[in-house]
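Heads up, the next two complexes both have chain A, just with different partners, chain B and then chain C.
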Partner chain A sequence: MSEQLVAQISEYLTPNVPIQLVSQGAEAVVFTTNVHPYLPKESYSGVEDAKFIIKYRPSKSYRHPSIDKSLTKRRTLGEARLLGKLHQIEGLHVPHLIACDAYNGCLWLEFLGENLPNGMGFSNLKNFLWMYAKGGNDPYDPIVLETLYKVGQEIGLLHWNDYCHGDLTSSNIILVREKPGSDTWVPHLIDFGLGSISNMVEDKGVDLYVLERAILSTHSSYAEKYNECLMNGFSSVYENNGKLGQKKLKEVINRFQEVRLRGRKRSMIG
Partner chain B sequence: MVNLNAVPPKNGRDYYIAIGLEGSANKLGVGIIKHPLLNKHDDGDYSHDCQVEILSNIRDTYVTPPGEGFLPRDTARHHRNWCVRLIKKALEEAKIIHPTLDIDVICFTKGPGMGAPLHSVVIAARTCSLLWNVPLVGVNHCVGHIEMGREITKAKNPVVLYVSGGNTQVIAYSEKRYRIFGETLDIAIGNCLDRFARTLKIPNEPSPGYNIEQLAKQCSNKENLVELPYTVKGMDLSMSGILAYIDSLAKDLFKENKKNKILFDKESGEQKVTVEDLCYSLQENLFAMLVEITERAMAHVNSDQVLIVGGVGCNVRLQEMMAQMCIDRSNSKVHATDSRFCIDNGVMIAQAGLLQYRMNDVVKDLSETVVTQKFRTDEVFVDWRE
Partner chain C sequence: MTVFKFPQFQRYEISVSLFHNVSNTSDVKLKIAELPYALVDATMVCSIEQLYSAIYRAIVESTYNRLRTKTLHSECLLCLAPSSNIGEAFKRFGIKDESKEIIVIKIKDTEDDQDNDPEFPDIIKGDQVSFDDETLQATKNEELIRKVRIQTL
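Coming up: the complex of A and B.
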């Protein structure tokens, strides 16, 4: 990341907000901070290591300023609205939206997850599965299978409510312990930058296909069982909704298989 | 382990010579190249550094009158008319007197492209092969572009943006294939520009896209961009809607339809937008989309090199925007070539074909030389890279 970009962000956030880089995507840069945007410090300073996520869409100097402005605004606002709506769905877990400055392309979000034991990295699904695949652990541990089932449920719930994620990968799913110290994990979906409201079967099918490919390319040896668990969780949400659910599930699954056969450009590894 | 020297050059020479025939669209190109036999190619990933010497690079473009595109039938006739003359001229320029002795391999475009023009050229290739008794190699047009770009710029493993009249793809190499990470869902960018040029009735000489670029440079009102749809979908993009919209604007402009509030002032009826402004807005909008999907692919594969190939790749504004993105992203440089290698040519077919030949991938029977209009980039097994 170039220094100019860092300067741009620091200037916007002012020196009162110390930031630490987490990741740089194509479109947005993600930081953590320990400052809340509007609550007084006393209200959360009691909580140990209060942490918040800042997702910042820097302005891109290569494109025309007016294109840049409208895109930044539209996308930030779109993501914020989507998060707001998803938060109201019962049983679905997404990060809590704290603040949104659409004109400057900045989102403040709740910090989720923790560091996995034994230096296995951050508690997203990818690292979690790797942790169980390595070093004497059982890759088909009941905890793993249960977690995957729950991930499937989250996605099922998302689709059942006619929302699509657009970029489902195992690193875009964060696991949070139900209670500190417990071994039950609650999956949270993050990064709705490509998300949308859609009742089209095609979008849902593509969503599932993208996830399947992601699992296949990052956890190839156990992918079959993992995907089965995910799909079981996914189906359970639809099946709980009676006849209509059954019908819709069939449509989604059929389209999913069609997309898979098409295989098109998404046959990429990397 | 890649051994590019598996097939020795003909007659104990210390170099290879290949002739490439290209005619997948309205350009007919014949190119002759020479690869020296280098020890480092015995083992290692050096396919981007063949120290190619270009002996001749001749091209003839079928140009149509303003407002018209090129039809397959007429283009094929043009290619048939010129093919022999161009091959003769290329041989003369390369000072090759006995093709039978001097040429190692004849490379032709197998696809993708327009059927009729491809057919005309492959017939010439087969004839030469039988006449001179030289083996044939069928080349994927897109891979030709990529290999030529890599050879000229010496970029080892770049993310490739391939933009031309028929293709718009973002490509990266992975496990013996050039994989397509993003592409257009409907029409190609060059097609979009060409068709807009047709609406504007601007000349097709030297190329419609070039003329749009020149008009865009003359835009005097760069602050007020005409707003156009911005249609990036993940790593893919769509351009037909943009074309339909800007076409309708241009038509209103020519008809002086004062009801159009985007083009004419609400009260005075004065014209606010010129043809130059439209060209500028179209370019800015389309190229911003291209750069964005390229950046996405770069983030995906963790690469910091970009190579732009294809006819639209000559556009200076596109190169500028890409360069700016590379600086912002990782202080890297963008790799681009000029019109000699960006626009379809025979040399690139010879380059990719010769690499294929050196890996011993030649046509064994004439039935394998059937051309195809649909030939995806990721169908080619890239033998010559690690």
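Coming up: the complex of A and C.
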């Protein structure tokens, strides 16, 4: 990561907020810190290595400064608002929004997940499936199938409430243990940087397609069963919503199949 | 009284006091415009987190953008509300004549020599109690907080 970028964020956060790099994407850099932006240290320091996420959108020197500022502000605020709304949907799991400084492109979020046992990496869906695909585990372990069903339910809830994710990969689904030590995992959706309010079946179809592709490309041997579990979970949310749910489910699934046939980009012809 | 600074904003020293059984609310209310404090109806606050996140936001706004109200103190009230309607924010989160539980916030700018008003707000006649989640939970008007906060989010 460029020194300039580190200098930018460190100056903004001051030496009182030490940070560690987690990931650098095209649009945002993600750090963890053990300092809460506004709660007193006593209120969380008892918790074993408390951690918070700082998602930072650095300024881009190739953009005109004022355009850069307003883009950063709009995207940061957009993601914050979306998270705020999603948090209120019962049964849906997204990180809790702690603070937002749109002027500096900074979001503070609840840290989710943990490191999987035996060095299998961070507990996102991708690594979780790897863990069961490797090393004497059963890739069709009931825990795996149940977790995929619950992932499907999360997406179903998101879509049923007319929100779309926009970048639904298996790394953007973080698994959190229901209780410490428990073998039950609660999937949480993260990274709503491309998310939106949308009632368009096209956006929903694309979300489902992107996730299906992600699973197909990294876990191809088991993908068919995995995607079936996902879709069962997804459908269950719609089916719980009566006739209207049934009708909308059919629309989404039809479009999903269309997208699958043609790829995620809509054809320019016809 | 709880006194602290936010890690990122060492410039501001924040003090928060919580009073119960306040007997002179209507007198205080008359002078409210001149007082260098934010006075919040404590029944509209259910946790430290709710109040502190609003103060944090007010400081972010004043540091990197601009205040939408006259002072950092009134900005805190605005930041407690989910919309940017100032009148609504004051009506909901500010003190009313009948308020008996009151939070007093003082944000002292340590870089401003004029701002030398660390005196404890003895204008409030009531019992000072500890500012913590447990005490706030005991007096919160949960129904109203939910209604007001969810409305326009």
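Heads up, the rule we're going with is that the second predicted complex is superposed on the first by the 263 of 270 C-alpha atoms of A that agree within 3 Å, B and C clash if a C-alpha of one lies under 4 Å from a C-alpha of the other, contacts with A are read in each partner's own complex, and residues count from 1 in each chain.
Just so it is clear, contacts are C-beta pairs under 8 Å (C-beta built on N, C-alpha and C of every residue); 3 or more make two chains touch, one makes a residue touch a chain.
No experiment lies behind these values; they were computed from the predicted model shown.
By the document's definition of touching, neither partner reaches A:Glu110: not chain B, not chain C. Shared-chain residue A:Gly25: touches chain B; no touch with chain C. By the touch criterion defined above, A:Val35 reaches chain C but does not reach chain B. By the touch criterion stated above, A:Ile67 is placed in contact with chain B alone, chain C being left untouched.
When the shared chain is aligned, no partner comes close enough to touch A:Glu202: not chain B, not chain C. When the shared chain is aligned, no partner comes close enough to touch A:Glu228: not chain B, not chain C.
By the document's definition of touching, neither partner reaches A:Glu146: not chain B, not chain C.
Contacts from chain C toward chain A in the complex involve residues 2, 4, 6-8, 10, 48-49, 52-53, 55-57, 60, 64-65, 150, 153.
Interface residues of chain B facing chain A in the complex, by the touch rule stated above, are 172, 174-175, 179-183, 223, 225, 227, 230, 234, 236, 284-285, 288, 291-292, 295-296, 298-301, 320-322, 324-325, 327-331, 378. Touching chain B in their complex are the following residues of chain A: 1-2, 4-5, 24-27, 60-64, 66-67, 70-71, 166-167, 194, 265, 267-270. Put simply, chain A touches chain C in their complex at residues 12-14, 16-17, 35, 37-40, 43, 84-85, 88, 98-101, 103-104.
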